[in-house]
Structure formats: structure tokens, C-alpha cells
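Here it is, the structure in full.
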Amino acid sequence: MPQLHLDPDRTFPPDPVTRQLARTVYAATRDLPLVCMHGHVDAALLADDPPFGDPAALLITPDHYVTRLVHSAGVPLEALGVGAGAAASRAVWRTFCANWRLFRGTPSRYWLTHELVEVFGVDTVPSAQTADRLYDELSARLARPEFRPRALFERFGIEVLATTDSPLDDLGAHARLAADGWGERVIPTFRPDALVHLDRPSWTADVAALAKRADTPTDDYDGYLEALRARRRAFIAAGALATDHGHESADTTPLGDADARRIYAAALAGRVTAAEAAAFAGHMLYQMAAMSCEDGLVMQLHPGVLRDHHDEAHRRYGPDRGFDIPVAAEFTRSLRPLLQAFGRHPALRLILFTVDETVYSRELAPLAGVYPAVRLGAPWWFLDSPEGLRRFRSAVTETAGFYNTAGFVDDTRAFASIPARHDLARRIDAGHLADLVARHHLDLDEAVETAVDLAYTIPKQVYARPAA
Amino acid sequence: MPQLHLDPDRTFPPDPVTRQLARTVYAATRDLPLVCMHGHVDAALLADDPPFGDPAALLITPDHYVTRLVHSAGVPLEALGVGAGAAASRAVWRTFCANWRLFRGTPSRYWLTHELVEVFGVDTVPSAQTADRLYDELSARLARPEFRPRALFERFGIEVLATTDSPLDDLGAHARLAADGWGERVIPTFRPDALVHLDRPSWTADVAALAKRADTPTDDYDGYLEALRARRRAFIAAGALATDHGHESADTTPLGDADARRIYAAALAGRVTAAEAAAFAGHMLYQMAAMSCEDGLVMQLHPGVLRDHHDEAHRRYGPDRGFDIPVAAEFTRSLRPLLQAFGRHPALRLILFTVDETVYSRELAPLAGVYPAVRLGAPWWFLDSPEGLRRFRSAVTETAGFYNTAGFVDDTRAFASIPARHDLARRIDAGHLADLVARHHLDLDEAVETAVDLAYTIPKQVYARPAA
Amino acid sequence: MPQLHLDPDRTFPPDPVTRQLARTVYAATRDLPLVCMHGHVDAALLADDPPFGDPAALLITPDHYVTRLVHSAGVPLEALGVGAGAAASRAVWRTFCANWRLFRGTPSRYWLTHELVEVFGVDTVPSAQTADRLYDELSARLARPEFRPRALFERFGIEVLATTDSPLDDLGAHARLAADGWGERVIPTFRPDALVHLDRPSWTADVAALAKRADTPTDDYDGYLEALRARRRAFIAAGALATDHGHESADTTPLGDADARRIYAAALAGRVTAAEAAAFAGHMLYQMAAMSCEDGLVMQLHPGVLRDHHDEAHRRYGPDRGFDIPVAAEFTRSLRPLLQAFGRHPALRLILFTVDETVYSRELAPLAGVYPAVRLGAPWWFLDSPEGLRRFRSAVTETAGFYNTAGFVDDTRAFASIPARHDLARRIDAGHLADLVARHHLDLDEAVETAVDLAYTIPKQVYARPAA
């Protein structure tokens, strides 16, 4: 019977000479601490350190990479534990195992195999036949103290983990972490999306909650900006190093103050148009860059995704179920207002992410290759995969170099997949650098140094708190 | 003197370990029957089984992949047998042979070499010097009964071949095939493009012909829909499993009934605008999806080509002469109306094709990776080539997996090239899967199983008639 | 201590069999003369043959590939010798050497290494420690007569070098070259951008200067066209073989004569709108193609770059400092008017360049693969790099073949980098062709012949003066 296994040479180029070089490069990064500067782990998980639930609740139901692919084969999302009337945990696990073959060639297969073998120490290949056995094996492990979140955090070698948080969050979980001496290991990230998109259904309530949380009235635009500033200060006090912004477009055109005030007032009155809301969102990216120049928070931008493509699925299953689909992205013209104003400002770090690979060589690398403020984020979402990571290095390095990138981010809700994701990125970079050595573009000692920089030095520097 | 030859390892990765793995994977698919679910072979060719004409009439003049490339070097199309005053067959053949070097690095070179060596058993490299000898060798073979269409069909191992047919077609050739017991081997495909583009010059005549063919009046919109439904039923009765749709845009926004009726009436009166015609075409894609949910025909969509880029060439030489040029495609927003309504409908299969590779990872793979109805068609037209096939697997597999693709389609008018095209796809897939094995992403037995699924199992399942 | 070195196998594929094939192919092109049909070397450099300045003035300050990348790391441009108050030469050199690691993985690293080792014969790796020693070594060499421009021109094996020149240029440097017998070795190229963009600040002065230079009044549109024709004739008399056009869009829609006259008059009166100026620029591309059909000048088109993205940097440092950023390009619809009129004209050669790789397989290769007039230019600007060159061949060859490309152009201001750039292109082509041989798509003798054609035969033919 076949067994799950992790070959020590996995992902490396097949050519023997290049593979040997890749091994050498990888050996220098394999055991470095994990620097996790962008992700979606819930801070309460580490603040409260509860045992994880059952295998399906940990590995299947909350992971939209997994549920979407099984659903695409015609399996109802309910059978994967999602939505009202969802199947019970063991049944969900069986459905997943019976569909294991769908994951061939995907990074989910790679990550899950790593988790099963390396994190949980099982070697059973998932299948309809083995589902129950695997479920029981995993359940037994999850009941043990060494599989609690903090124990895994230590075992994974995580040096720092950034969560992603609403300005409305009271940061209570981070306060509890700080009380336990974990305040510098788990830090918040300021993500104000809900507050800057004036046409979201919850906006009026959110902006009222902002006033309360910030203890600053938000009934006009100036108060709103001040409340946001106040929450940024609170996040910084709680250890935050960065903000994050998910917008459909990368537009950063500022409005005049009068226009901004007028549109804000119209939104409060429930009379904002879609065009005004879009213009205001672009304006707020510009404002956020201005605030970053003041307070030093690194600015992360994730544009170009049409969220909740299927309305009925959104209503029944909620957001983040696999129905977010990319659209073409544009950065050159969209970012120009922001970069004209702040692109050479010494205090700004702007990290750009994309799910549209066409901008890698055309727009992102040329922008990062000249503007001091701009860094390129790691391949995002669908692109955080062996081929995706390779194409990124191939497309951007020749124009932007290695040192205008910002280091790997795992960007995940799936806590147990964090080491697999970082390990994959380190392996792909090792393979890429090995290929440069094999083609005599780099010396081996330079390749090793660059690999260490990419895995550790660069993310630590890019997200460092600026000197006061 | 150099001879044409087909190396048994052709297209495989050069690395010896990977190449050996590719050989093993390919061995499992090499002799599988050919499942040809989309193409442009004329049904009459197999119904009437006439001998093919001369070598130029078979291999050169009708193949726009060949004529366009020689024309691009400055050779008049007439010298390739196209248009009024065209050269005679032997002269055409000489022109082609003298320009053989233009095909270096192209799939036409690959397919033609396969045809010459494997189908016709000649090993003479085309050149000005060898043209006459080759012409005579090929002519002698074409005169023999074993080179008639049905004999080649058997020799090629074709299990089923779908033609592409207008709803106006009487399906007489298919009836003759059925009478000979070939009804399940050669099946029609319903392609209503001419009837849904209201501003084509022939539309008024075509819609009148539709009324006659369907025995259903088409003088209003409701009758028109009913006539189309009637023809779909007739196609299904003749064995059809699918429809096919070539639109410049992938827009699928439905019109309200009143608007649809109004625009249809305006078209009948000769007063339709270009914008109305475009809106109606998008509306009809939505309607066709609705009909597919009712009658189970698989829906194939081929958008994003600007047809007949050069008007004068179109007037002189007709369509399909190489002057169709791709434009940027958009699927995420364009397909949203259709997918909101039918994307999770259990009876719909929607197969998406593109000649714009930028949508592979950005839009197509994410859509196929979540919507049960969506499958990805094989690389189309210019992309049906060694590198094109490789880039497709590289770009889509990590997000959509292998099992959201729909199998290879040869999409060809060139009957004698069918085995070459399928063989090439099987070889490229073998190389891709071998690389995954060499990098330890897949076990070899999984790679072999996946290869068989891609070559045979998947297309049979995707295009299967739904259970009644 | 590590030394700079140029491995004889650099850039070649690592697989030993393919590498051996690449060596064989490359051996056939390595020593061919350099045909430099597009670049930005100043003709006066070769007319006057002055010694080059110091190492920083030769290799750093004028090379925006180099300065932009160091600037992107936060180093002020002034420290690289750019702008008012710039650092002195030795300090610039030290800054560059201290940042050598930023260039890892970039073509600048490749070119500079080639220049240092092959052109200047030094083997010291640049670093903070070695900067002064290197500076002195290079300064000593630059003082020697064999490092003057003409001596290097001979040593580099340049057969012909095209400069890029304004129609306002008096071509005096070219006249001096001709007087020295260098008239066919260094030829001008007609680049009228400043004169066809009506909204540039200098346009009114430029068009007045044109009248004077052409001895033809330009106070109406017809005179303006006649003056341009006159300058084209003067350029042809001075040896020019081509024109060059840098436009933000590839639009080629012609205006009616009345509109063209009206807009031209408005521009003279200082009342032209941005939309009118854009329309006129597109119109002038159409007119330039018409003139090329008359006078046989090859037409080169370089669209899709947003120049001077950062206004303040432009004001302080001038153009060509790394702040030109690509935008998405469109060719299929944009070129249609021009190609409808002239795409099959026997006297037109239109060479298309892009910095947007998405159009390679989607638009450029299909256009070049059918229109006799169209050729594909070498990968441009950011794409003139090992991976960029590989992706170009991979993306276009299967649709357009090798013989619809136009040969390598170095497109450089950096005179000393010319042999490095051509050598790199020949190596990448050798590797690409070797891979085709290893995969049994080509025979080795065909690969060798194709490599020679790409490096020498094709550019000589494409830019040949048409028979009278």
C-alpha cells in the first residue's frame, strides 16, 4: 500500500547538478525561524490556546482552497461542513478523502501532505478506504497537549506572526497575549477596508462603532480621519507594524477636501453613489499612505479581486468560500497619484500584491525597480504555489532584483499549514537560485546569502519599526 | 541526405530521469482511442468517403495555419492555391516545399512531419529539390483505398468524432452515416453563431431559413427561440452532445423579455444597431445556457477573436485564411450573469476556451476551481502547440487541478492531422506529469492514472449524455 | 577572494546533453559581426572619437538601468551622479560598488560583468572594499587609445550601428563620419516623435525648427508633411534605413484631411486638446507608414510606455532616469487601420516592439504570422534579459516562426555594453534552439542555420535598402 512521504528533494529541479546546488542553498534556510508578517490566523487562537477541533474542522471546512476544489467537482458545500444543514465531521472527512485525487498538481495537496506527515506524523494516503483510520489517528493526536496552538507555534519555529484585524477590534486577544509575554510574537495588522468602502451595507454601523472604539466622533469627515488615526496609534501600541488594504481597484486618486467631506456626508445620509464610493476608496488609499508617512506603518495593498462572484452562494455560505475571482489589475496609472506624492518619501514602505500575473513584468517590477517606497509582495492566493512562485521570480527579478521584494508571507487561515507554506517558498527560491548558479549568473556563495536574505533578513527589515 | 523521422522521445524533457518517467507515462496513453469532441471535419467527407484530392488540396490550400505563415513571408495566397487565379496544385506544392524552413519551431512543422512519416509513410524532407518527388509519392498513396477517409478514421483509432454544424444544416450527411452504422462515431455539434449575431449580412436570410428548417415561424422572438429549441432537439436526435459558440466577447448579460423582443423585431426590420446586436448576442449565450440546463447539451464557448482583420483579404479569399486575430478576453465579469443563474446547476457543463493566455491563471482556473458547471477547454488555436500546451498545464493546474479540464480537442479541419495533434497533447501531458513525479509532487502510478484520465476518461465523461 | 569571471557556458541550459548542443549552436554565431540596427549611441561619439570619461561617467551615471535600481534601495540619485549637486565621480563609483549585490539576477549584472572582464580586462568583484582599486584600474585603461570609441567599435566587430536622431538634427556628425569613410558603418534613424505629438511643450518651437531645417514652411499641415518628407529624404541620403516611433498607444486611425488640417492649425494656435493631439499622433503613424511605402524606410514602433511617471523626478533629473513605466498595450485593433491599408504592401516593413509580454502570443505573433509587412522586434527594454529573451522565443515562435522576427537590437546608450548584449541574445537563442533539438523538434544542422539567420542574415535582410 502506498504511503505518504516527503521526499527531501521535493520541488527541486530534476537536473542532477542543479538539484545538488538547490540542496546546498536550501540547507542554509531550512531551519531559519519563520517570519509571518501577513496572515489570517485568529489572535484568540493563540491567546486562549484551546485544543483544535476534529480533523475536518481543522483541515477541511475552514480552508476554502480545499472546499472550493471539491465543490467544483459537483459536491455540495454542505457535504464539506459548510452552511446550514452541513454534514457531521466524520462524514466531511470521508468526502474529502474520497476526493483526494482532485488535488493532484495543486498546492493544497502539497501543504496537506506536509501537514499530515510532518505536523501530525501520519503516513496514510487519504482515500475512501482509509478515511476512518486517518480520522481516528488525527483525532488522537489533536487531543494531546503538544498539538495545541502555542505548542505548535513553538514547534514550527515561528518568530513573529501578524494577524489581520479590523480597526473596530478591541485588540483584547493581543492584550492577553502581551500579558503572557507573547506580545512581540503575535502582533496585529490594521485593516480598515470595511470603513473606507462607503457603500458596504454595514458601513453606517461600522463607522458609528469606530467613533465608539476610538472615542472620537465620526459624524464628519475630519472626525473620521482622526478616529482612524487614533486606531492606528492603538494598533501601534499593541505592536502593529503594518496596515493592509483589499480594494477591487488600485486607484489612489485623491479627492479635494471639499469633495471628500461632501461624499462622506452623503454616505452618512445614505445617499452615496457607487461612483462616489469608489472614488472615496481610492482617496482613502492616498490618505492611508499619507498617514503611513507620519506613523511608519508599512502599507500592504491587495487589489484586483471581485469578491463573492455568486450572490446566492454568498448568502448561503458567507464570504471566503472560494467564490472570489480575480479581475485584470492596473497599477501604473492607478498608483501614480500616491507615488507622485509619497513614492520617494523615506518613511513609506508600500508592498504590492497581485493575483494578475500580467502586471509582474509590465508594471510591478518596473515600479519597484525605481521607487524607493515600493516593494513586491510574495505571490498571492492562487499564485502561492510551486509554479506560481517560480513564475514570480522569473518575471520580476531581472527588472526589480531580489532586494525589492518583501519576503514570503503565508497569508493563511490554516495555522497548521504555515510551516509547509514557508518551506515550499524556501525550496522554490533554492531551486531558482540554484538554476542561476548552474547557468553561471551567480556564484554559489551569493546564492546562499540571497536565500537567507529572502527567507529572513528582508522581511525583518521591510517590516521593521522605523527609527524614532 | 537528411530524412524525415519521428524520434520516439520527441517533445519529452531532456533530463534523462524525467524523460524516462515521461516514456512510462506516455506508454499508457499512446494507444488509447481518440476521442474527438470538437473539430471542423466535414461530415460529408465520412458520409461519402471520396478519395482525397492531390497533396496540395489535402495538406496546403485548406490549412490556414500553413498558408498564413507562407503568406507572411511575402508569398501571394494565390501561389498557395487560394483565391481567384490560384496556382495549380503541383505549383502550390512546390511553393510550400521551398518554404519548409519557415515552419521551424511551429506546430505545423510537427504535425506535417507526423502526417508525412506516420500517415503517408514518406521520409523525404520537403525542399525545392524534393518537391516533385514528394508530390508524386503522396499522390500515389492518395489514390489507394486505404487512404480514403473512412479507412484513415479506422487506422487513426478514432472512437468518436464531433463535427460542427449550423442549425440550418439538414444533417443529411449524419443521416447517411447513421444508415451505415456510423451514427455514433460521427456526431454533429450545434453552432448557432450566424443566427444570434443580428448584424451579420446574412442574418435575415438565415433566420428565414431557420423557420423553414425547424418548421417553426421565426417572425417574432418567441418563435425564434422555439425554432432554436426544435433544432437542438433534432441535433440531439442525430447524436449531438454539445453546442459551440464563437463570440467576440464572453458577455452573457440577459436582456429582459421586452427588450429581447424589441431588438429582435428591429433586426427583422433591418434597423438594429451594433450595440443592440452585441447585447443580443450576450443575451443569447445566457439563453443557450438555460436551454442546456433543459436538454443537457454541453456548452462550448470560444470568445476573443477579431475575425477577418483585413477586409480586402476577406473579400478576395473568404473567411478562415489566417486573418483572424485575438483580442484581450475577459471572463470574470462577462460570465457572471450566466454563472449566477446556472453555474451551480447540476445539468450544465460549460467549457471555456481562450486564445488569450492571460486569463488562464487570473480568471479561468479560479472559475473552474469553484463552479461545478465550468470546465477548461484545451489550449485553442494558436496555443495548441508544445509550448502552448505546457504553459496551459503550468498556469491552470495548481488552481483548477487536472479534473476541471475537459480533455484534448483537435479543433481541426485537417483530417490527416488528427492523430498528430492528439499524440502531441498526450506527449506534452506525459512530460508535464513526469516533471511532477521527478519533483516528487506525484507518485508515478498517480501520474499514469491521470494521463489516462486526461486522454480518455475525462472527455468521455464531460461530453456524456446526461442520464434521462 | 572571489574573482569576476565569464564562464564559457554561461546562460546555457544545465542539462548536459542540451548544454552540449547549445555550445555547438553558439559556436556558429559567437564570432559573427554585430549588426546594430537600433540604438541610442550618440553619433558624435564615433565622429569625434574622444576618450571616454572616468568609470562612473562611462558605466554608471548615464545608464538608467543602473541608477534606477540603486535608487530603488533608497540611495539618492545625486549620489549616483545625477542632477544638481551630484556627487563626484569616485564617490559615485563607490556607491555603485557598495550596492553590487542589488544587481544579482539582473541583466545589468550580466552586462557589467561582461564589460569589466571582456572589454576592460579586470577581474575584481565590485564591493565597498574594492571600489577604489577598480576605479583606478578602469581609469588607467580608459586613458589608453585602444579604449577610444572607434577602437572599441573595431574590437567589438560592429559591422553597422544605427543611431536615433531627430528630424531637426543636422546630421553633421554623420557627415563627419562619412568624410572619414565611416558613413556606412554608422547610420542615422529618423525619429519624429517630438514633431507628431502636438501637445508637447516644445512642439511649436520644434515645428518652426523643422521648417528651417527642411527649408519648407510648416505653417500648415500640407507643408508640415512636405517638410517631414524632405527630412526623410535627407536621412536616406545620409544612409538611414529606418524610422522609429515611440507612442504611448499603438493607435493608427487616420484622420480625414480636413480634420488633420484643422487640428494642426489649432495646435499652431496653441488651442489643441489632449484628445486631438492623441488622435493626430495616431494619424501620423498611418502617414508614416504611407511614406515608408513610398521611400522604403523600415518603420519601427515602440508603444506602451508612460514616460516620466514621477513629475518631480522629471523636473529635477530630466527624462530617461528610470521613471518610465509600461502600461498595457493593444495592437490588434490599434494597428488595424494601418494594416488594412498597408499590411500587404510589398514595400512596407513594420517592426513591432513591446514591453507588455501579454501581447506576444495573443496579438503580435498572430499579426506577424499572416501580414507580410509585419516583423517582431527583439524583446525591448526591461525584457532584454535572459528570461525575457527566453519567454519571447517561447511565446512567439510557435505562431510566427523564427523568420517573422527582425533580429536582435541592443537599443542601448551604453556603448561598452553592446557586445555583451548581442552575446547574451546569441547565447539565449543557442539555448532555445538546443532545447528544440534535444526535444527532436529540429535537426542540429537546422538549428545552426537558424541561429546564424537570427544573429546576422535576418537583420541584414529586414533593414536592407529596397531595390530601386
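Each chain gets a letter, A, B and C, in the order it is written, and its residues are counted from 1.
Just so we're on the same page, a contact is a pair of C-beta atoms (placed from the backbone, for glycine too) under 8 Å apart; a residue touches a chain by one contact, two chains touch by 3 or more.
In UniProt terms the chains read A, B, C = Uronate isomerase.
On a predicted model such as this, the values are computed, not experimentally measured, just so you know.
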Interface residue overlap between copies chain B and chain C, same or different (over half shared): different
Copy-to-copy rotation for chain A and chain C - C-alpha atoms, rounded to a multiple of 5°: 120
Euclidean distance of C-alpha centroids - chain B vs chain C, Å: 40
Touching two or more other chains - residues of chain B: 13, 15, 358
Contacting residues of chain C [partner chain A, same complex]: 2, 7, 9-16, 68-69, 71-74, 101-107, 109-110, 306, 309-313, 322-328, 355-358, 382-383, 385-388, 391
Residues on chain B engaged by chain A in the complex (per definition of touch): 13, 15, 17-18, 330, 332-333, 336, 339-340, 343-344, 346, 358, 361-363, 365-372, 374, 394-395, 397-404, 435-436, 438-443, 445-446, 449-450
